[in-house]
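Two complexes, one shared chain (chain A), two partners (chain B, chain C).
Take a look at the complex of A and B:
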């Protein structure tokens, strides 16, 4: 991992924070920030959405959250259907918001994929992210979620 | 040469119009000339026609007067004879001279009695008529001669002969004169017709010429307009497409009417034609750069210096400016402005200004600088290896790795509540400070400097009004990543060169040194001595360090390491806070060169002392109290309530420093709290003794047996 700074990281995290604020009126706040290194692992939750980058930077940005958190989010959106498909759609929507913000931040030098979502087992992120990826833990209400930034300059 | 070319160019450009004008002048001159000539000829014809008409009248008048004369003679009317002779003379004379004029061309008496020039007849018909007239007129005139000149001595026979001749030829003469008049009229009519044709032709030529001129002019104008439009379109296209900011600057510092589309984006503001560029510049750059820039522009607009000679004076290169990007976020760009004179003849009319966004180049230069630093790290490491200090370096690498992991664990464990964040930050600062100390001892500048930069940022976080926030945590993670990057480079180079020098561990895996052996002690001493000299030099002080550290080799490795780390921290403190400047020491009648002693003693039964002592200012509670009040950490009342020991113990609190300004060796309030933590880590006891302006001694008492027999044996 190299060559991205906190402005780049904030462009992803702020997207999450603003998304929650717009939908629920309550921001998701940063609780911790660290690296996947030295035995410290990324935190994987039940549902993960990610977008892939190519161009001047390449890699992925992940948003991982618990079912409880996403269900609560759907509740706030007055969505009564909390089937797994709906939950994954909601996670994909957050990932899509991250992509939108990244387009604004990085401009046309970056190509950004459509969001991919998955139900993720424990420690799944540790198996896919590069060493020294950034993990930003955010908290909304009583729930925690992780934004993992695994991007490097080409 | 240029002037000749210009003339040629003007002629080529306007040749059609010039040709049209010449044609107009020639054609009109021709028409006017013909007109003049024809008018002249018409005038001549009028005289001829008039006089030929008079000849008809004179022929009849002569016959009439002859008949009247005969009657007057027959009636003896003397007065009638007299009158008729006189009239006869006049008529005959006029007829004769006029006829002669028709034949030869001559000045004759005109109809109004004035003299006019009668042109010789010039047609065959007229000439024949005149000849025929003379055939009749000559005998006629011979018969008339006795009656002319008022001569009354003519005979009746002579009179009757001439009357008879007149009667016989009167009609023929009249016919001839009629014919002459008709022919002259015909000639005049022909001339008039010719003149009309010429005039009509002239009008047509003039109209044609006018039409040609108009068409050519319109076509040239249209062509010229088309070229201008095309040129304008091309200019507009260039200005729309070009990445650089382009514009003309006039002598009043105003922008021209046209500029490239990229200019407003590059300058981060809306630009109107004719706007005051100097005013924009004033807002964009610092005052000193603005002043230099206006001087430079003024110099270029003047004609006293050559453009090429002052190019290097341009202060507007790599100018950092803040602009709003498309997302509305403020970003920093670097712009370079270049100025070129635009000449009109031999005068400077404008400056052509080219603005380039050199952000990428600046970024590349920064990366290059980073790469250079990287190389420096590698060279430093290589030099250490070549200097035989391989184990210390390897130990350092292992320590740094452990420290960074520890920082990361601290970060990952935070829950972002204010107090815990402050605690996490304090822990991280302690770890970073420790790394800085070790890096300084080994002379690994790149890590020492980076740790120092991190410390500065973290001090600002610690002292920020909003406390330590989540954003700060993100920043620390980025700083940690920077640390990892530098650490990785160093670790890689140590391993690579270590392998090349045959110093790889037998198992090929990097691991901590088991112990600090006897052969390594000089290296420790050397590190301490070298660090002391470096700090002393930085602070304009003089110092001599005395080390007695043989005992370190008998200690377990982790204790020896901690003591080494403690010694470095206490050495930095001693040099920054304890040892005075040579001038201060002289004033206190102390040697200019201060001393620092570091030693380790064994008192038997696994009981050891480790001490660092300096002969500097000492710890003076009075000064500490004053500092606490001055720095706003405590009120005078609060300070007054503390005992001296309590005041001195504040030195071991995180964030406390008596240094007046922070530098890379002290002043951030991190140091003694680390020492205290490390002493606790080895189950030791820290004692501090001091006398004002005499000495300060930190003594650590510890027992290695307390940590377990097996470990001691192993070491």
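Take a look at the complex of A and C:
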């Protein structure tokens, strides 16, 4: 089992960047990825979607965002229904898209699950991710979101 | 032309349906939406659509297996895969099973309309 390197992380950064640009027509500000260790927190927002990896990889990628940000993303997609179920569907779809796009870098030996979504309490991510996870902070308009990459080569 | 939309995301199903408001796609009529491959195969048997949009990562039955089953039922069905799985091997695998087009997520509304037109002609 081995950790991923900088190039691997970049594939997720690129996927996040492409997602926001394609859906909103605007660039999201993406902060450099940092490791969750030494007491550094993986920021959890209201809603989180995640994808599990299998095959030659294990772990998960998480997308966590506030209700306000997800609601605004739905507006950009001309979606008028902003019920909680729709917001959860959206964070799952973002996680799915980021994981699927990153697979271009990792290859088809990386199998990805269907998305799982949850309303997440403060600090939830800190309780589920490993200390070797990378956190990518995303800022779009006045909103913030986090993408946490917790993945290992088997 | 009858269209079946297959995707486990409600939002993506709605986005695809809304794209059909484009004047050049007025001849396409949505006959059903499926959340997974099992529902999709059942709807194909009932309605025999000429056009299907197909997600790949879905519960119950994935899009690759579903594409193969639909082509067995209706060999001339035009299947447009719409997926985030952007590696070449996956695209080739679905094309071998009978899909005729591939659109990567995330997609713009313009790219979706263009993908439909490329698949079935203006």
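For the reader, a short list of remarks on this structure follows.
Here is the rule we use: the second predicted complex is superposed on the first by the 150 of 154 C-alpha atoms of A that agree within 3 Å, B and C clash if a C-alpha of one lies under 4 Å from a C-alpha of the other, contacts with A are read in each partner's own complex, and residues count from 1 in each chain.
Note that in this section a residue touches a chain if its C-beta (ideal position, glycine included) is under 8 Å from a C-beta of that chain, and two chains touch if they have at least 3 such contacts.
This structure is a prediction, so every number in the text was calculated from the model and none was measured.
With the C-alpha superposition on chain A as described, chain C and chain B fit side by side in the combined arrangement.
After overlaying the two complexes on the shared chain, residue contacts for A:76 are found with neither chain B nor chain C.
In the superposed model, A:97 makes contact with chain C only, not with chain B.
Once the two complexes are laid on top of each other via chain A, the angle at chain A between chain B and chain C, using C-alpha centres, comes to 70°, given in steps of 10.
Of the two partner chains, chain C is the only one touched by A:86; chain B is not.
Once the two complexes are overlaid on the shared chain, A:23 sits against chain C while remaining clear of chain B.
By the touch criterion defined above, A:107 lies against chain B and chain C together after alignment on the C-alpha atoms of chain A. When both complexes are overlaid on chain A, the residue A:6 reaches chain B alone and has no touch with chain C.
Of all Cα pairs linking chain B with chain C in the superposition, the shortest spans 5 Å.
Taken together, the two structures place residues 104, 107 of chain A in contact with chain B in one case and with chain C in the other. Put simply, chain A touches chain B in their complex at residues 1-2, 5-6, 9-10, 13, 29-35, 37-40, 104-105, 107, 132, 134-136, 139.
Across the interface of their complex, chain C is touched by residues 18-19, 22-23, 74, 77-79, 81, 85-86, 89-90, 92-93, 96-101, 103-104, 107-108, 112-114 of chain A.
Contact residues on chain B toward chain A in their complex (touch as defined above): 325-327, 329, 401, 404-405, 408-409, 411-416, 469-471, 473-478, 480-481, 484-485. Put simply, chain C touches chain A in their complex at residues 8-12, 14-15, 18, 57-59, 83-87, 89-90, 104-109.
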